[in-house]
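Can you read through this structure? Questions will come right after.
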Amino acid sequence: MDDILSRLAKGLASGLIEIVDLTHTLDADFPVMILPPEFGQCARFRIEEVSCYDERGPAWKWNNFSCGEHTGTHFDAPSHWVSGKDLPYGSVDTVPLGNLVAPACVIDCSAEAEQNEDYLMDVDKIREFESAHGEIQRGSWVLMRTDWSQKKGSEYINLREDGAHSPGPNADAVRFLVDERDIIGLGTETVGTDAGQAFHANPPYPAHFYLHGAGKCGLQCLSGLDRLPAKGSIIFAAPLKIRNGTGSPLRVLALMNGSGNIPCGS
Amino acid sequence: MPDSPRQSYDGIAAVAPVTVPYERFSNRSAHWWLLKTLRGLMESAQIEPGKIDGLAVSSFSMHPDTAVGFAQHAGLELRWLEHIPAGGASGPIALKRAARAVQSGDASIVACIAGDTNHIQSFQRMTAGFSRFSLDAAYPYGAGGPNAYFALLTANYMRQFGATRKDFGHIAVCQRQNALSYPFALMKTPLTLEQYLDARAIADPLALFDCVMPCSGGEGFLVMRDETASELGIGSVRILAAFERHNAFADDPIQFRGGWVRDRELFWHQAGVSPEDIDLLQTYDDYPVISLMQMEDLGFCSKGEAADFARCRDLTNSGQFPHNTTGGQLSTGQAGAAGGYLGLVDAIRQLTRSALGKPVPDARRAVVSGFGIVNFDRGVCSSAAALSSQDS
Amino acid sequence: MSSPLPLPPKRNPQRKAKPSLAPPAARTRLGIRLSALASTGQLKLQFCKSCLEFAYPPREACPRCLIDDLEWSPISGLGEVIATTAIRATPNLYFRDRVPWRIGTVLLDEGPIVIAHLHGCCATGDRVRARLQLDKSGQAVFFALPEIENEFMNDDAQLREMTNDPKHRRVLITDARTPMGAALAAALADAGCRSIFAGVAELWRRDALLDDLSSFPKVELVRLDLTDTDSVRECAGEFGGKVDILINTAEYLRPGGFIDRRGLAAAKDEFETNVFGFMRLAQFFGPPMRARGSDGIDSASAWVNSLSVRSLSSWPEFGCNSACHAALLSMSQCLRGEFAGSGVRVVNVFSGPLETEWHDTLPPPKVAPSRLARELIAGLQRGLEDIVVGDVAKDIMSRWRDNPKVLERELAAGGGIDG
């Protein structure tokens, strides 16, 4: 009789378990969070060639890259926010391993987000999800699907003179997920776990404030959420092990039941 | 303050005119041309190298050597050595200084030589680093050589004195006639006035036949006492007068006269003859306008009248005013500093009845004039010598 | 009268580009003094205070009294052309490519005579104004212009060899998302540019300035992020061969020095944009510009750096910015060496504080971006290498020339612009 990992391996090999990439390519021109100019800014992803089979290294090519901890598809650790600054296991190098591989619930808000760029997911929306798919289990990632990842450039960041406009959860929804469902964290397709206008909420940036204050994590700039089932997928989201790091770009992968027709890793 | 009268050059002889045949381009060094000239002098005078105890040398291309390095290269032990960097004025200057050296007993036999090689790029290289003034104030203006500056002088001369291109053409055409019989001239086809006037423009108003062709070559002669020449049994000429003058009329806004004006009175006085007594005139002809200027400034005619003066005279060797008997640099080529010797060397030949080309009939007195070193906007050095045959 | 220069025809793709050629660059050390004067549009010649006479070409002593304290003194440049020629044949390759080339002898009213390049309107006997002008070798020459200016005077072909007139040229503004970038785009269009490539980083970040820019005539927005090597490479790949004038307007400015600033993130951003951005531009736009420096009337012409006058001496209130600009000044000098002989001129425009958001705590006078743009273009039309814009910059520059150590102390003591 096969052990569980053997069955996992067979599932992967047969395509009965499908791997979905939830990550944007790290690209210099991928939008990042814009803060007022007097604040420190998130470094963009940059790459400098060290050698390219040339006089700087005849047989090899390699690059140096640089970026912020919160550049591209990235992980937010609790210590990212002031509310989580003193928590144990709050930085990316100490986040419990169990948080990095966990089941996901995908709440589909794409219709609402299409209607309203400032859409805020509320508790009712979560309850609606639960009535359809069952309660969100403790220890899950909750992923808010908005299809925002399909937007490009200026539409994605959607900056206007009064700030960015993009969907996110409202304060009550975050508190509900944290207090009532004890999730691992919240993942979004937008540039932050908070809505574009969340600076004006109370508290400002409620998702960051409540999630990280409770030791929960965040995943941002996810893509491919439209391919995931509402329930039943497993997320692999392991940030780089940066000492005292508050976050990290990472490759986010999901496992889900597949048809068996699609080869693994497509 | 007028210049005081000069001592005469009595008893001093110029002998052994030597030309090393010109070549348009040469892959030899300047030293080869100069040594070949020196060797020619020894053969011509039938003397050993050890007899030469004085040397005057002019060359633009013997870098990095100076006269000292060259003398060592030549194996000469000398008690008088002179480098004369006066370009086209070098010939009469060398003659004058060598004569004084011999006269004073500082030297017995002085070899006066000038020569340059012309590699494919050497003219450009030479003009590029010609002088400080040229670097700062002339060379950047595009001519890549003296043509444009002489074009400015020529344009001004034409405007000021009414000379025409035809007048300059007359000089060039007559000189070409002389060149046809001179064996070492590089231009060997006749030139008509029409060809002159129709030639390719170089720098208005100058066209191709107003300009000399740089080439390689060497020229030289010896200076010694009359009695030494007699002992050697070689033909010699007497030096009636000579002068050099540098940087005259520095305040003239543009050059229309040269240093000859300052010296001509004493010059004729010392020579004891007047312009009408002269059988042949060798001017420095880097451009025809300069020849006209010398005719005026040496007193053959008044200022501004040289065009008329030349126009109504046959300037060929058989004409009434033989001028530039080899064809001048315009027709033989400009062998660098040797161009400053060309007229003088051929004058010695003419006066010693040893002309290589068509002789000037019964030539007894010659004036040779030099003009050298275009620095910034004008030629700086002027010189002249009056020579006579021993029988005049 | 001069006639207007028609728009040059588009390049014939079957014609080989002309190699970079320059007129003779060698000068004596004194001759280089003339180039230094020409770089800022001054005209001075050596003057003997005993003889009351000017001397030219440059000399080590007065040719009349041999006293060696000749003083470089302003001279009007007014005079008369006494002879002219058109050079039609020359061994110099640069001029050979440009014959006929007219030069003349000019007798200056104050006495000296100069050989000068001639404007097409100047003939023998004409009154002219001779001025010093940098030629394509980067060294000074005299250029004689009509004494009375005329409308299309700057269109003269010989004069255009000495100047960097934007007319009919294609200009890249490296960071157009700045007040200066926008002001330049407007002013360049007025100056007759052929096209304006307006470099913009992060096109996904829209703002009013960007929307304005795209509506300007002749402006084409191009993706160019000086902090991103790939972006600079790609932009140069597309436009590098078309840029006749590059104007580096990039400026990442934050107040503060070193002790009172926390961390290096801001400083890195400043250096990334201001300093490393310059290097990226040099690496990718330098080669194609250098290769086109002599390629006809619309060849690559100038590389312009917008420098703060703080590049000369640190202004502690903006200490990190001063350091960036000091580096930029040094790099511009290196670039001049690297462009030498190519015909591309490196132009530095020094200004005091601009009227922008980062200087809103500074009292006036400040330089309006439109003024900076205007004077920059005027400097290009005049053919300058160093352009100083605004009262503050002029003040600091003159104090720096007078005594850099004193200026350093005054600025360190907070003396700033009042001294």
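We call the chains A, B and C, going by the order they appear; numbering starts again at 1 in every chain.
One rule holds in what follows: a residue touches a chain if its C-beta (ideal position, glycine included) is under 8 Å from a C-beta of that chain, and two chains touch if they have at least 3 such contacts.
Bear in mind the structure is a predicted one, so any value in this text is a computation, not a measurement.
The touch graph of the protein chains shown is a line. Ranked by how close its mean Cα position lies to the mean of all protein Cα atoms, the top chain is C.
Centre-to-centre, using mean CA coordinates, chain B is 48 Å away from chain C. Measuring from the averaged C-alpha position of chain A to that of chain B gives a distance of 93 Å. Chain A contributes residues 28-29, 31, 34, 37, 40-41, 43-44, 46-49, 152-154, 156-157, 159, 161 to its touches with chain C in the complex.
Remark: chain C residues 23-24, 26-28, 30-31, 34, 56-58, 63, 82-92, 94-95, 100-101, 103-105, 107, 113-117, 124, 135, 137, 139, 141 touch chain B in the complex.
The residues of chain C lying in touch with chain A in their complex are 202-208, 223, 225, 227-231, 263, 265-266, 268-269, 357.
Only residues 123-124, 128-129, 132-133, 135-145, 147-149, 151-153, 155-156, 159, 200-206, 250, 253-254, 376-377 of chain B touch chain C when the two sit together in their complex.
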